[in-house]
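Dumping the structure here so I can ask a few things about it.
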Amino acid sequence: MSSGVLEVRDVQKTFGAVTAAKDISVSVPQGSIYSLIGTNGAGKTTFVNMVTGYIKPDAGTINFGGRNIAGLPPRQITRLGIHRSFQIAQLCNELTVEENMLVAGAIHGQTRPSFLRRSDDAQARDRAMATLERFNIAEHRNRLIPELSGGVKKLLDIAMAMAGETQIMLLDEPTSGVAADEKFPIMDLVINALRDEGVTVIFVEHDMDIVNRYSERVLAFYDGQIIADDTPDVVLSDAEVQRYVTGAPA
Amino acid sequence: MDLVATILVDGLIYAGWLFIVSVGLTLVFGVLNILNIAHGSLYAIGAYASASLVGAYFAAGGDAFPYGSYIAMILAAVLVAVVLGPLLERGLLRYFYGRDEVLNVLVTYAVFLILEDVMKLIWGVNPYFVYEPYTLLGTVEMGSLFYVGYDFAVIAAAIIVGLAVWLTLNRTQTGKVVLAVIHDAEISQTMGVNVKRIYLGAFMAGAFLAALGGALTAPMISVTPGLGVNVVIVAFAVVIIGGLGSVPGAAIGALMVGISRAASVHLLPEAELFIIYFVMAIVLVFRPEGLFAKTQARKI
Amino acid sequence: MMRFSIFTYAAIGFVVLAAGAIVLPDWAMFLFAMALAKGLVCLGIVGMMRGGVVSFGQGLYYCLGAYTATLAANFLGVSDIFLLTLLSAAVCLVVGMIFGPLLSSYRGIFFAMLSLALSMVLYGSLSKMSFIGGTDGLNIGAPTFLGWAPEGRPLQTALYLYVVTIVVISGALMRVYFDSEQGLITLATRDNELRVEYLGASVRNIMAFNYVFGALLGGIGGTIAVLALGHVDPEFAFWTTSGEFVFVAILAGYLSVPSVFVAAIILELVRSFSNLYFPNTWQLALGIFLLIVIVALPSGLGSLVSRRKGQDT
């Protein structure tokens, strides 16, 4: 097995009687774009949660940058360069869009967050606005979160996750809750922005059009196991995958 | 051996009282998700009402049948529940359902403050003594110590209350509906449950239990303003230890606190006033949500 | 709207408050001094509220600071107000640094109850310690100011100006902190802890810092209060004392620092009038007042002056 930027080996996880992960092994090369597919409860989100530190695997290793990160807390894994976005956008509802971005920037700033330096000084704002502009949501900078559309919330969620050095980005259902006509534009924006930075992308998706169009490789999950690990064409025409995941020929 | 027995008996007596005083609080939290500081006021009003009713009873010739004073006490608790329950729940608390838990604590704290003075305005600031019911059950001799029979009756009352609450929740139709509401009020509502009525009922039950605690205590003490202030935080500690919303938890919590305090009184009197909070802090260190906390679903 | 520097605001605040030394009669100056001292404790609560937790036990530090000062004065002969303040602050800092990390894992009701429990432990302990007064408490003599030992009106004025200075400095420092990066992260924590952790910050650290600041402010407030009153007793740590601090913090909201002290002054004024004219309705007034604030001004008085749209506590 060639050495990828992220090496998951024999990871196991059960919750009582439920097997959420069994013999999960995958090697993700630097700069590639992976998608994870599978029905609800198949283990995709558990995978993401284990890689990003929300859940600790029962066994197995997750190697990144030469060390095993399995079991580390999310904030340490984030600092190492593995970032994630969320299925339901996790934003600070009482802050404006710009302030949300400022928080991300403050945590990932050049130095530790300061007790004295203003959170909204010129430099911080410029940095925040640059990211907001990259994601096309700068016009919403002064709005509060509850006023935003699903698509904008998702973009902000991802934009915030971009703060700091991002080497691997895990996107948890980036287009769920987004209007149909916004899905492709949002994915175009996000994947291009990530590609420009050389970020390795792993996204969870239910929409096979999105999977087909944007991923270089697909991991199909079923019942806690990976039942296919190949290019989209191969995976989506696989009989088992069709039976347990997509339900119809691609 | 004598000392152990003494501590156990004292502890049980105190635990019995604690349970009656706390179970209403945990029930209200379980159903309505409100930690009701005014529970202390309901306790105190129960004590005052009991004192007044018992006083009136004996003044009206109750000496002929002194045990009737017990009925008067229970009646006092019922009155408090029936009058204040709907007033507080329908009149105020229902506007705050679904809001932040701590915000609701502040609302009930405001009610507590208001009721403290309402009590002073109704009953004045002088103490009330109604000790007759306390003396009716004689004394019990255990080893070399004498206990008042009434204290044991409180233990019996606690057991009856505990069984009644448990049986109602687990063995009756209404009880099962209440349990469903505790689990998920929204889903229960979509299944046709009249959640409003359950809320009101649960709150009234909690008010009754609080007032009952006060009513039963009135003959043992002099009823004065500020009664609720000390009781409510003790009830909190018991409920937190046991796990918010758990009736068995309240029983275990009451036992733990009761025995700890009895032990403290006899072995380490300096700790008597704070041992309960110490126990609570220790429990929370090991079980951050109390002993019988509800399991949480995954957030992301 | 022009943005003045924090120094300008601090200077204005000082001048306005200091004017009280000339304008206010004795009883009012005492009242204001007490209010400002208590306001410091409330400022600490507001700092924690910005992180999403409400401490129902700041009486712990209020009492600890007051007793430290009193014991230092009575048993160690320390009378200098600066020294007493420093001593109390140091003690509260140490205690705060012990309990802060412990409490920082808790939220909501549990944080509130644990903080309350700690203060009640102090209350219970002090009540039983008859060698330092038990429930009667202790008296403390008048403070000295770097060697100067005033009496009468000059003493009152000196104490008043001292608390005004402390308030202005603390208020300014806290405002700078609130506007800082850590301050913004604190606000974010209140909203979405999960996100803040996932962004790479330690929520526990943030909470612990806010708690320690609260401990410091509580201790300093308690020191000044005991010097103004001349007396301390275990009631300083009783939960109803802490409840009043929370009341002021709720009334003030977390958007504006001056509103904390305005709210504290309002409370003291209402308390005095109530005690004078309607002795049995002080708590009734307080309770109704609290309800009105919760319903009508959910973000507190501060929302009247601040542009930010806040929500529930």
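Every chain is named by a letter (A, B and C) in the order it is written, and numbering of its residues begins at 1.
We take it that contacts are C-beta pairs under 8 Å (C-beta built on N, C-alpha and C of every residue); 3 or more make two chains touch, one makes a residue touch a chain.
Keep in mind the model is a prediction, meaning the values are calculated, not measured.
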{"item": "Most widely separated chain from chain A, with each centre as the mean of CA atoms", "value": "B"}
{"item": "Most central chain, Cα average position", "value": "C"}
{"item": "Rounded Å distance, chain A centre to chain C centre (Cα mean)", "value": "43"}
{"item": "Whole-Å separation of chain centres (CA-atom averages), chain B against chain C", "value": "32"}
{"item": "Separation of mean Cα positions, chain B and chain A [Å, integer]", "value": "49"}
{"item": "Shared interface positions of chain C, touching two or more other chains", "value": "194"}
{"item": "Sequence positions of chain A contacting 2 or more other chains", "value": "90"}
{"item": "Chain B: positions in contact with at least two other chains", "value": "300"}
{"item": "Complex interface listing, chain C residues touching chain A", "value": "176-177, 179-185, 187-188, 190-192, 194-202, 309-311"}
{"item": "Partner chain C, residues of chain B touching it in the complex", "value": "35, 92, 95, 99-103, 105-107, 109-118, 120-121, 125, 229, 233, 236-237, 240, 244, 269-275, 277-278, 280-281, 284-285, 288-289, 299-300"}
{"item": "Complex contacts: residues of chain A adjacent to chain C", "value": "52, 73-75, 78-79, 83-84, 90-95, 99-100, 102-104, 106-109, 113-120, 124, 144, 160-161, 163-164"}
{"item": "Contact footprint of chain B on chain C as seen in their complex", "value": "54, 102, 105-106, 108-110, 112-114, 116-118, 120-125, 127-129, 194, 239-240, 243, 246-247, 250, 280-284, 286-288, 290-291, 294-295, 312-313"}
